[in-house]
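A, B, C and D are the chain letters, set down in written order, and residue numbers restart from 1 in every chain.
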Amino acid sequence: MLKINDGSLHEECAVFGFFNGGNVNAAQIAYQCLFSMQHRGQDGAGLAGASGNNVHLHKDTGLINEVFSKQVLDEFNKDEILVGHVRYATSSSVTMLDTQPLVMHGYEGFIAMAHNGHIVNGNEVRRELQKRGVLFQTSVDSEALMHIIAGNRDGIEAGIKDLIATVKGSYALTLMCPDKLIGVRDPWGIRPLAIGRLGDCYILASESCAFNAIGAAFIRDVKPGEIVIITSSGLQSIQTQPKKNTSLCVFEYVYFARNDSCIDSVSVYQSRIRMGRYLSKTEPVEADIVSGVPDSAIPAAIGYANESGIPYGQCLIKNSYSGRTFIQDGQLNREQSVRMKLCAIHENVENKRIVLVDDSIVRGTNSMYIVKMLRNAGAKEIHMRIASPPVRFACHFGINTPNQKNLVGSYLAPEALAKRIGADSLAYLGIEDLVAAVGNKQIGLCCGCFDGVYPMPIEDVNA
Amino acid sequence: MLKINDGSLHEECAVFGFFNGGNVNAAQIAYQCLFSMQHRGQDGAGLAGASGNNVHLHKDTGLINEVFSKQVLDEFNKDEILVGHVRYATSSSVTMLDTQPLVMHGYEGFIAMAHNGHIVNGNEVRRELQKRGVLFQTSVDSEALMHIIAGNRDGIEAGIKDLIATVKGSYALTLMCPDKLIGVRDPWGIRPLAIGRLGDCYILASESCAFNAIGAAFIRDVKPGEIVIITSSGLQSIQTQPKKNTSLCVFEYVYFARNDSCIDSVSVYQSRIRMGRYLSKTEPVEADIVSGVPDSAIPAAIGYANESGIPYGQCLIKNSYSGRTFIQDGQLNREQSVRMKLCAIHENVENKRIVLVDDSIVRGTNSMYIVKMLRNAGAKEIHMRIASPPVRFACHFGINTPNQKNLVGSYLAPEALAKRIGADSLAYLGIEDLVAAVGNKQIGLCCGCFDGVYPMPIEDVNA
Amino acid sequence: MLKINDGSLHEECAVFGFFNGGNVNAAQIAYQCLFSMQHRGQDGAGLAGASGNNVHLHKDTGLINEVFSKQVLDEFNKDEILVGHVRYATSSSVTMLDTQPLVMHGYEGFIAMAHNGHIVNGNEVRRELQKRGVLFQTSVDSEALMHIIAGNRDGIEAGIKDLIATVKGSYALTLMCPDKLIGVRDPWGIRPLAIGRLGDCYILASESCAFNAIGAAFIRDVKPGEIVIITSSGLQSIQTQPKKNTSLCVFEYVYFARNDSCIDSVSVYQSRIRMGRYLSKTEPVEADIVSGVPDSAIPAAIGYANESGIPYGQCLIKNSYSGRTFIQDGQLNREQSVRMKLCAIHENVENKRIVLVDDSIVRGTNSMYIVKMLRNAGAKEIHMRIASPPVRFACHFGINTPNQKNLVGSYLAPEALAKRIGADSLAYLGIEDLVAAVGNKQIGLCCGCFDGVYPMPIEDVNA
Amino acid sequence: MLKINDGSLHEECAVFGFFNGGNVNAAQIAYQCLFSMQHRGQDGAGLAGASGNNVHLHKDTGLINEVFSKQVLDEFNKDEILVGHVRYATSSSVTMLDTQPLVMHGYEGFIAMAHNGHIVNGNEVRRELQKRGVLFQTSVDSEALMHIIAGNRDGIEAGIKDLIATVKGSYALTLMCPDKLIGVRDPWGIRPLAIGRLGDCYILASESCAFNAIGAAFIRDVKPGEIVIITSSGLQSIQTQPKKNTSLCVFEYVYFARNDSCIDSVSVYQSRIRMGRYLSKTEPVEADIVSGVPDSAIPAAIGYANESGIPYGQCLIKNSYSGRTFIQDGQLNREQSVRMKLCAIHENVENKRIVLVDDSIVRGTNSMYIVKMLRNAGAKEIHMRIASPPVRFACHFGINTPNQKNLVGSYLAPEALAKRIGADSLAYLGIEDLVAAVGNKQIGLCCGCFDGVYPMPIEDVNA
């Protein structure tokens, strides 16, 4: 499978869990929930389903609708517990062996797990386990996590506590063993995990948009360091000591999460509207129209427009068929790709002074082609407004950031960048304003990719 | 291949033609142009390419990126002339034999053709040709048209004149024979066809958005009854007598065409903005927010908001992975499909009085589930505003309208329809306002699906 | 689809027809019959099925089991009449448009046809039809034949008589139009066609092995120039004047036909046994063992062994998975291909004087590698005995012969060829002995590829 | 993937190993060797390739040519060491996770393994490992074997000795770790394993036919209990204590192995010839012709014919396209399947008294349809002669035997069986004669499926 790097940052995965308390078609629920989180990973998908002590697994590379035919999906109809996963692959080659969930069979029965996040001391953990005799069959962190969990013979909860105590990094996990569905969120709370309910069924999902997709109720977020155990007796919680500096990844609000999700009591959509408002206040400019780069920057653009009083309008529209690799790599260059994906609405562009809001700038190449496209359509002035600070540092918690030397924000000042991409001006949202716009006081935010301040020391950086 | 009827009206196809005046990679141009018109047909695609007297063809069912691998596409790299097609299939089963272009070999050499439109007297024409000994190998109108053209031994132009003289219905055609690319638009001008230029190359396309996709210049629209002939000596025009009541299909502006297209000197985007403005004037309502059903009704919603002064906002967002059949038919019901495709933004919905603008109503079922979704998200009031009149009559010119008894606008008054779908009110744009909003004075408009008035008598209705 | 030229001569196609006189599962019958004739064409397959005036078609490139899924096949279950085809493609690229049957719709209804053979004056016939206004959509001869047939308005039988009167070349045809299944064999009888019966159903097939596959009774062969018409009233025959020099293609006995087929009252198997016997008489040699190149030369080897008294044994065995392209072209060279396909049985080879019987020699390369393989396994002497004369001339009636300069028999005497391929001796069966061994006195034989004497003048040779 | 149970017994897999001592294209060697052993497993295939400490893996369900495209294969071109596998799956559903080789990463680096055989105390071994904390990710025995090997920290050789000491069952293994290729054969020698050489390269393969496929020299068989270690310094051997009752699976000679293989110094082909000869001596009958059921029983038939003096002939011929699932299960019944696969040569059958030799009888159903086919072709007498004793017991060492109640030889005497299948007589080869015919004095033979005498106690029978 070939991946096209479109220059954006990308999330690594979503997790899902389902406890079939009623007599529900579990397969369909799972499909709709995973599908609603497809934006978090398009490289692979999988489901493990259990009834009593029996477990079965289907996973593969590709989009959800490629991985699951109706026939395959139907095998999960009657399952009591399910865990699922969609995968974003950081490397260019993706094999079935590295997709999730993983299912393992130990002395006490099976254990299945899906993982979203990245282990900072992954090599060290892996090496330590190998020293103890563990053999690894995949290249994914999840395999190490499962060996830690299963390594404690006092039960899965004890094993998960070991994991929380020893592993550094981000992890939102959904696990199942016979008769139990379990959710775990790392003690920093870096990756999100939410609990939903549909009748007598429980759902765990990386984003609450999954609950919307099936008409389920949002119950609450799993807390940093919390272990949530769902059995036929209901939901139980074990709260391990969370870190003092809990910090959800701010990029969830900036770009990753779907607009209809709500993470740690903060509406993703509203936070984006506020980012635009704050940006308008700190980086105003005279213009005729405010527009956003579709789809992710639209709310920030609306916020900017509402705050500034400059009318909102669509200067760029997205081709609805550009969802995925439309041609083999190398056939189209980056500029052609941008032109296949976006088109300018001349009436809103010609002779107009435009505020163009984007959610973030990583490499800057896409922005250059977008500006060029607007110039060709007759734009008089183009003012780029970025609803987040410059991305200047690598992420160590699951985001696929390019090498620092490719992060244009790390070496070019706004004026220089404006010049390079051909804009009349370019300005970012300040980091304090971003934090204020999000307003996640409950957990706090990791802004490491903007300020290099991480919630834990980064010593052992995996390739 | 299975088709999911999502309840909307659908266009039948786009056509494309390319004359390689320079030394351009024809395959890539063709791919990008067809891709930009994918919204006009997702059931099949094809390209015929010619160099001198040699012609080759590749076509199949499926999306453009499924039909054309890099390897297949590369065979068209060096071609001098190309015609291409994307197909929307009206029937549920789609076979390769019924995809286009068609290529035929006659005494004077090859002729290849792509057709967008529908022949009203198709059965009669076919029968007449059969009587003369013609054998048909496909079920598409285009085959009959080609036999008419080739039936005149005085050259392809004479044949096309015969076609214009005898065939009733809509047709935008791209044809090629050795060394000539030809474009034809029916004398009523029902289907659009535009001419573009890129250096020394000419492009013909159903919509001007194709020119945007490759950075080509829009030259002009082909006129009703015009035959445009492109050779190495340049572009020649033969203007046959157009009908008095020329009339472009109004649904191009209402729904089909891409926002960045411009048809017969009218910007599609601006016409939609105006539809919203006129709708606001004639059907005002007190509300907190104006929103549109994505993607097609967004401009009309913006127009309504701007005119009314009620703020524009996103109450519904579209899942970017819902572009195509995401699961086999029967697995999901219509309500689930709507929930997989759209999601509500609670913050813009809860306790809000909403004006929800949609482009048209066909069956009314989707609207019902959308209203339900907004109610569940806490909407206080929902006022549906439809930026076109009720669809009440069948189309005979290439649009796949359901049986009249399924056209909810043909038997339910707005109040009754509002009640059925659960809205607090529902109102349509009047037909005169629609016509005024579009303002296509050059050609006029066919509003047959709204008023039953067609540009020609409809006697022989094909199944 | 990629084709590997294995150096053998290849047949072009088999035809099939079925009249469902009972209430039989027509799809299954068709599948089994076509499958039993897969050896006559591996590049494409198709079926057209009719009930009353309705006809439907499925065809594609590939093997029968690739073209027909159970689901697709089931659509033919209830059909009253079927025609089918398997295709051997002479050119390297094979497209769906050139597979058969062809189905055409004329004034009197549909006509569907499958054709085995080759038209000698094909270009002339095609050109003549084009002059009359016919447009061709494929590159196969069958299309011209159908236009000739349909060109006579006095009915299909009259049209077929026209065809027989005007077309030069080989053709075994199965046709259907509403309520009629028709079989036609050219007046020279070059290609075979047989009639079978199963209860109240009639079957037409290129080879009688198809009847064995379904347990049907062999009735008789269609005669040269005969038109067989099957309706619900039974079988009717129209006998047009056969040519004086009727002549079945001798290669049917030499190589093409399946051993359990019987053509024109001659058992294919027995004819091959006799070829071996005659070869033993005319080209005896002292040896320890007689063996054949699998699979086609086994009967001739047995015949040689029985006649000579030298024991028969297996020196070479065929890999049962080598049925088709096992790796992409270019990965393996010809020698490796031979080694993937055949293996030597050391015990029968080492220190043995071997008579190795093959059915024919075309290019001689395979023989060279086979001899080398036997030498490596320790053969003391290798005496090649070819159960047919040297192939020295092109075939104009449907066999894919290479360019004459590649026919090793046309320029190398047996001694020189033996030397080139490394054999101790090499000898052919004489042409009179071949004819005597077959003994088809009823029809006579075309031995054009051996002696250049064709049943009709060859003027217009198609590319 | 759907499997069709054709009623025969089936082998479980072949293993392969390659040490690239020269500068050879390893991928092509591997492909040709695996392809030559395709008869041992058609459900999956895989290759692991190593260069220094790096290892990569490709495997999947399907035939070798389906699993390996040229592109995928090319990635193995430059590898220094390879292990490969073809898989026969005992269960009906086959997933990629259960294909081989397995690759694991431990403290000392990677280890990759392919396994042919079956572990008798598999559950016990697995349970014991789980007790020690091992987590299993597949359902294949090989995973347990690798954990045993890696469990000894004194090196891979020490681990393999542990395995030999503790595991009961059959296993031929190819393993690799950085810079070493290793072959292991269980101390009973139940499964075969051979060593070949091509220039400076070593090959390990389940059957010596793999060496023939690439023109490599056969060196010798791995001995029971032997560990063969190949490094850049050449081949080293560690001989652990073999069992007293070493015993190669007799079915390798009866049916599994390819005719050109030689196992433990016994030519498979010659052993089959002798089986036929002995059968002729002990079970003579007056007849006109001796024939074998293709392909496996042909040598025994030739042996029977030679011994008896009755002429050998082909009464049945195999369709060369019947290699694999030709239609979806349920479409054809068993009788139709037999008719698709085999056809009768009337000339050799009609009015003939036939000795029909088959290699073995499992369920008896195929025999019944074959006899019926010969009767329909006019056979006067049919005398079934089976070149092995009745299969009466389950195999515990890797052969997929049906439930004992389905083994027709376990409950029907020859006369009764003859009657049931419609033969005039039926007789088996005696077990002593079979053993004598094979004559494997070096190792001895396991005839457990015939006599229930196994080389080790069978306590823990896995499902």
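Everything that follows uses one rule, which is that a residue touches a chain if its C-beta (ideal position, glycine included) is under 8 Å from a C-beta of that chain, and two chains touch if they have at least 3 such contacts.
In this text the structure is predicted, and so the values were computed from the model without any measurement.
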Contact-graph distance - origin subunit A, target subunit C: 2
Which of C-D and B-C has more C-beta pairs touching across its chains: C-D
Geometric centre distance via CA averages, subunit C-subunit B, whole Å: 49
Centroid distance [mean C-alpha coordinates] between subunit D and subunit C, Å: 36
Per-residue multi-chain contacts in subunit A, two or more chains: none
Category of the chain touch graph - line, ring, star, complete, other: ring
Pairs of chains satisfying the touch condition: A-B, A-D, B-C, C-D
Contact footprint of subunit A on subunit B as seen in their complex: 28, 31-32, 35-36, 38-39, 63-65, 68-70, 73, 209, 212-215, 258-260, 262, 267, 269-270, 273, 295, 298-299, 302, 306, 311-314, 317, 319-321, 323, 325-328, 330-332, 336, 339-340, 343-348, 376
Complex contact set, residues of subunit C against subunit B: 57, 95-97, 102-107, 111, 127, 130-131, 133-137, 146-147, 150-151
